[in-house]
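Okay, so chain A shows up in both of these, paired with chain B first and chain C after.
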Partner chain A sequence: MKFGTMKTVSSVFMTFLFVIGTLFTTSVYAKDRIKVGVVSFLTGPAGGPFGIPAKQGAELVIDAINAGTMPAPYNKKGFAGATLDAIYSDESGGGTKQVALFRDFVQKQNVDAMIGYISSGNCMAIGPVADELKMLTVFSTCGTPRLYEEKLRSHVFRTQANAVGDSLAAAKYIADEYFKGKMTTAGKMYTGINQNYAWGQDSYKFFELGMKVYMPSAVGSSKPQFPKLFAGQYGTEISALSLDKAKVVHSSFWNGDWEAFVLQAMVRGFFKQKIVVSSVGGSAVDTLGKKFPDGVIMGTRGLVGLNVRDNKDPLNTWFVSEYKKRYKAWPLGPSYQYARSVMAYKLAMDKAAASAGKFPTQDQAISAMKGMKFKSFVDTIEFTRGGGHQAVHAISYGVTKYNKAKGEPEVENLKTYAATCIYPPAGVKSEDWINNGMPGRKCE
Partner chain B sequence: MFKGILKDQSVQTSIGVIFILLIFGSFILPEWMSNNFMYGMSRGLAVLGLMILWRTNLVSFGHALYYGFGAYAVALCQKFFGVTDILLRLLIAVAAAGLLGFALGFILRKYREIFFAMLSLAFSMVLYGLLAKAEFLGSTDGMSISPSTFFGTELGRIALFNFIGLVVILAIIFAQAYLRSSLGHLTTAIQDNEIRVEYLGYSVEKAIHIKYVISACLAGGAGGLMAASLGQVDPDSMVLWSVSGELVFVTIMSGLGNILAPFIGAVIFEFIRTYAFEWAPQAWQMIIGGTLLAIIFFSPGGLWSLFQKLNFLRKKNNE
Partner chain C sequence: MQFLTTVLLDGLVYASYLFIVSLGLTITFGVMKILNVAHGSFYAWGAYLASIAIIYLGENEYNSMFYYFSIFMAAIVAGLFFGFIIERFILRKMYGEDIHLIVLATFGIFWILEDLILIVFGADPLMPYYPAMELGGLEIAGVYQGVYSLTLSGLAVVVAFICWYFLKKTKWGKLLQSVIFDREVSVSMGINVTNVYLITFIIGGMLGALGGAYVAPTISISPGFAIDVVVMSFAVVVIGGMGSVPGALIGSLMVGMIRAFAVHQAPVLELFIIYAVMAIVLIIKPQGLFAPPKPRKI
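Now for the complex of A and B:
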């Protein structure tokens, strides 16, 4: 190469640096606007049933709070008076890619806070980085208990209770409503099909631990299935489960995986042969409509989505009717969960502003949110675990039934389990608590 | 082999460009930009590895095997032995990938063209399957990696950035020295006529094997540095076939013309991806795909050929 080339290359390179340097001057926001990144699956198998409804839930509530049209206690306009500009982003592509994007959000877009994340894998990846970059982050949906049990987090909050309660409530529902001591030991066998990653592994582990406490005579199958996340094809797993003697099948499948599983299992008569308990499959009940099998024990991870859509709480009726008006569909579990994170953030900002007497700093917002109690759509949620960063709330399960007259899916025999019944007291590790027989639980 | 290497034009240009970049990145550019340069330079090492193979007409669709192997070597050494020193991390990543490349090289050196490509893809997917299924390896969640240290003191982002820059300079010097050596010159000869090379008294399989191990080491080092700079590894972003595809993509985008090309290509790729995500969160893949199409149609020699064209134009004007 000639010296000329070297000069050309260097000058082209310098120009390139200069251009990208000047193209993106940081937009400076006054205190009347804040910028928040909202991350959910916008593409891929988790987009349709989870990510898009989640984004819509956040969007609806953000717009309403910005305009001051949301009912009490969220009727005060803005977030500590400021208008929130949301930047919606895609959660696809794995934890590593999400970490890179998170750094971009913080350092390039200069956001004031981050809200969202559905996949437990992504939350585990983002958690340490959020603390490293000192960015207030509110996780909405992900459920792995490891997030706070491995390490306390300084800048990370989660408005969604973890998988322990979902699994314990499922186990309790099965023990109370189905096994009731009238069956033989062989009839009381259970198994599961769960995705092979943090959420699926934890969900089945705690379901199994819960069954051992609620119904020690019931036996777990030796062959629970753990297909890969986003596998999409479950022929072999369905065969294996069908041949298994266990009658009860626990599943924490979510996203397109759950819909694929339901469709593939249904044609083989799986739901007539087994009692299926799903901790998070509510989204498919609406998307599949009357094709969805009756008699599936369905959880929605809290008092959200399918199990509470007829609840008459004013906040809930407002949300359901506005959501249906704007998006022509029922709000699903993730819509509620994302909306709830936005609401918690708003309340914390307002609270911090009130005590500071001016627009709050991030540290003030964090100390306001720590241990905060806030009104959700149906119930009240408290950040009482994980050092005041992890919320707990009640969990409900019901049985699916398609209402032919109304042309809409419904749930019957709904049971709600209080947080004190299915979560360990603050500072106690879930696994130890369950293994010790859940001391101090209150289940009224 | 290293005689007179510092007088080599490409090496001088590369050192100059990276030096400027390091100064800019350390003092002027905002942190997100130096992040992207850091990722780009790390990924560029793996692309350089692919380029070295490519010059013998060997296209690997499974280089994420070494990339991911290096990254996971770093993650596992932290998990089980608490290794966080950046030098050790780099060494471990390179050595692990090099050993794996050496072992697999015995099989792969016998194959050419599509068979080579598909076989390397198959090996990478075996590793993916193992990682995705094994719970103690983190399954699809992967593992997070704590910030690197350097002889006991924690390394800041800027220090890490400079460290990666220096590694890239060393890699460029080494790779150029290799390409200029008689082993390296065999590259084109093998591509032209393998039988003739054998008659000259060289072992084609051995030459390819050495090349393959070098390429694996570069990819492994890339994975290790990427893991250290991102703070997270997971099979979907490190080992899946689409990651190998990205590496091939960047190689095509960069062009094979120069030793610096992979790094420029990889950095540009990081920027394209950042903006694609920001501007079109629902269709970012389309922008990346569109870029590749545009390059194949309008500049089949890669971005590097654009630089050469500029130079060519200027010469004409001077005449």
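Now for the complex of A and C:
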């Protein structure tokens, strides 16, 4: 054989070997890696109690899916076979900064998807931009119902149900467990302390609307408190609430504001005088441990965090144990919420790849996620609102009680409200539905 | 009667908090004519240092007197350390520059020190609640008040008295007043203005740090929590007159009382009313209520 022919044969052979090698070492869908931006508060008052646990939840699940070590139905390695490289980013700085960062992620860093966002203000700012830039975005935690009730979104999904259910479930818990049978008006008064922005205002508005339906004879205070976000000092508000005749106090405080409020209210015996219902204050229960007052009605925005710690679903058991092993702490609500978004993205990618027979395009992933039902840690979540982009799920509330024997905080008298009980049917605006008496609700 | 007592008490506690935090800011401006945006960093560092110490003392069940000792030590250390570094190595090189450049420099310092907090202490919140829990609550006019928060008013009175005594009764105070009135004349009279600037900046920093350190046991300490404090302090200082100590006192009392009344009677107006008062004061007296007189130079 001539030298030239040998050279040609050997180069063809080498190319063949390379192609075969590539096929066997990478995914069958021929994309090795995908890049996803994961945004949560890494600094500021929302970092410690919310953003960092959220990032850790996402990180844990991403690593497990990449390695193929997560339990079923997430045990198939990778996202449509590809390894997900997460780029973690700080959510602090407000909507304008976040929009700029989002554009940077999409246009300069060429990410394949975006996951995260805690603040309702940021979600409202990012939503239209995600649609404009045609970037698949999965919101994890923010709760304002306006996101989908004002406009349907083409590229934006939200795995967290909105604040309407949190507030209605809180109202139902109060009506059923505390106000039922009370004859005097004074015994059935309620008020609130909520942060003065979209989340706080929406939360109290829907709590109030819910009370009017569940317990029409109950009376709302004329002076609910709305201190500004990150105010830190609540001495005057606590005095005003103490002087208010209302026995029940609703709060959707989150981040360091909730911890500060609890500390300042606790030394003033506030939790002994009032029945406090918190829709999202689970983080302080762990931070304060045995100092956290017993008897606070606590929600966790879904079947996540404190309220499902002892749930024996294999997926939940795995998550709790791996999280504790890695971060030496209990997973909080946001840890679950971010993990859920990653899981939804993984299932959509796998589903789209299976139906396309190749690595899916973004549009195929969006079609797969639209209207999807997926297994969460202890329940099933459905994208059945907002044109198949907004998830709904059950919400639970329980009462805090420190378990001295175990040396850990717990909740008791846990009640779970199905999505059909606390969310309007698809296509109906929450406020209209509640004002019409919540027709068709199923609470069993 | 119950309502009035509670409003007055709430207003007083909030005013005390504002006074301690804004006093350092107004003194720094009065002497150095610098609007120190980094004042919030002193507040934050004071809070962090005190929190670390209090949590350590609380977890190891030390005598509670050590809590208060650690609060004052945190204020002294934060004020001395950062005050010295910032004035000696940054601001001193900028005297004579455009005032806006100096404000921008302090703004930059603020963010650098904020990031330093993140690097040193991490993002997890600190809750040094031990002193506040230990003192508990006290019923006044049928409403439980936190005793620790009430002691803030005592601290404000002590700080105000020390400040008055220092300015009016000591040689150093008179030197300071001279520099406040006119820097050039002070130099010509043989006053070492360079040293006065350094010491003033350190004292201003210590006061800011004391505010953070003392408030720490009642709040959740996490990176970025001091930003709003700077804004509120500016409002107080502007109302009272920039550079005026009595102005800071009156400004704090005004804001504290008006805010307390608004929270009790019309909560939605809480924020609006503070800045409305500021706007009205500025319309009537653009220099603030108690702005120090300016010498007329011929």
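Everything that follows uses one rule, which is that the second predicted complex is superposed on the first by the 413 of 444 C-alpha atoms of A that agree within 3 Å, B and C clash if a C-alpha of one lies under 4 Å from a C-alpha of the other, contacts with A are read in each partner's own complex, and residues count from 1 in each chain.
In this section, a residue touches a chain if its C-beta (ideal position, glycine included) is under 8 Å from a C-beta of that chain, and two chains touch if they have at least 3 such contacts.
What you see is a predicted model, and the numbers here were worked out from it, not measured in a lab.
Legend: residue contacts after superposition of the two complexes on their common chain; A:228 is shown touching both chain B and chain C.
Looking at the shared chain after the overlay, A:288 reaches chain C, while chain B stays out of its contact range. Looking at the shared chain after the overlay, A:129 reaches chain B, while chain C stays out of its contact range. Judged by the touch definition given at the top, the superposed model places A:43 against both chain B and chain C. With both structures placed on the common chain, the touch criterion links A:263 to chain C but leaves chain B unconnected.
Judged by the touch definition given at the top, the superposed model places A:240 against chain C, while chain B stays out of reach. Shared interface residues of chain A (contacting chain B in one complex, chain C in the other): 42-43, 196, 228. Across the interface of their complex, chain A is touched by residues 9-10, 12-13, 16-17, 20-21, 24, 28-33, 35, 39, 132-133, 135, 139-142, 144, 146-147, 230-238, 240, 258, 260, 264, 271, 274, 277-278, 281-285, 307-308, 310-311, 314-315 of chain B. Those residues of chain A whose C-beta lies close enough to touch chain C in the complex are 42-45, 47-49, 51-52, 92, 196, 223-228, 230-233, 235-237, 239-240, 242-243, 256-257, 259-260, 263-264, 266-270, 273, 287-288, 291.
On chain C, the positions that touch chain A within their shared complex are 2-3, 6-7, 9-11, 13-14, 17, 118, 123-125, 127, 129, 132-133, 135-137, 143-149, 215, 217-225, 227-229, 259-260, 263-268, 270-271.
Residues 1-6, 8-10, 12-14, 17, 20-21, 26, 42-43, 87-90, 93-97, 99-101, 103-104, 107-109, 120-121, 124-125, 127-129, 132, 196-198, 201, 228-229 of chain A are the ones touching chain B in the complex.
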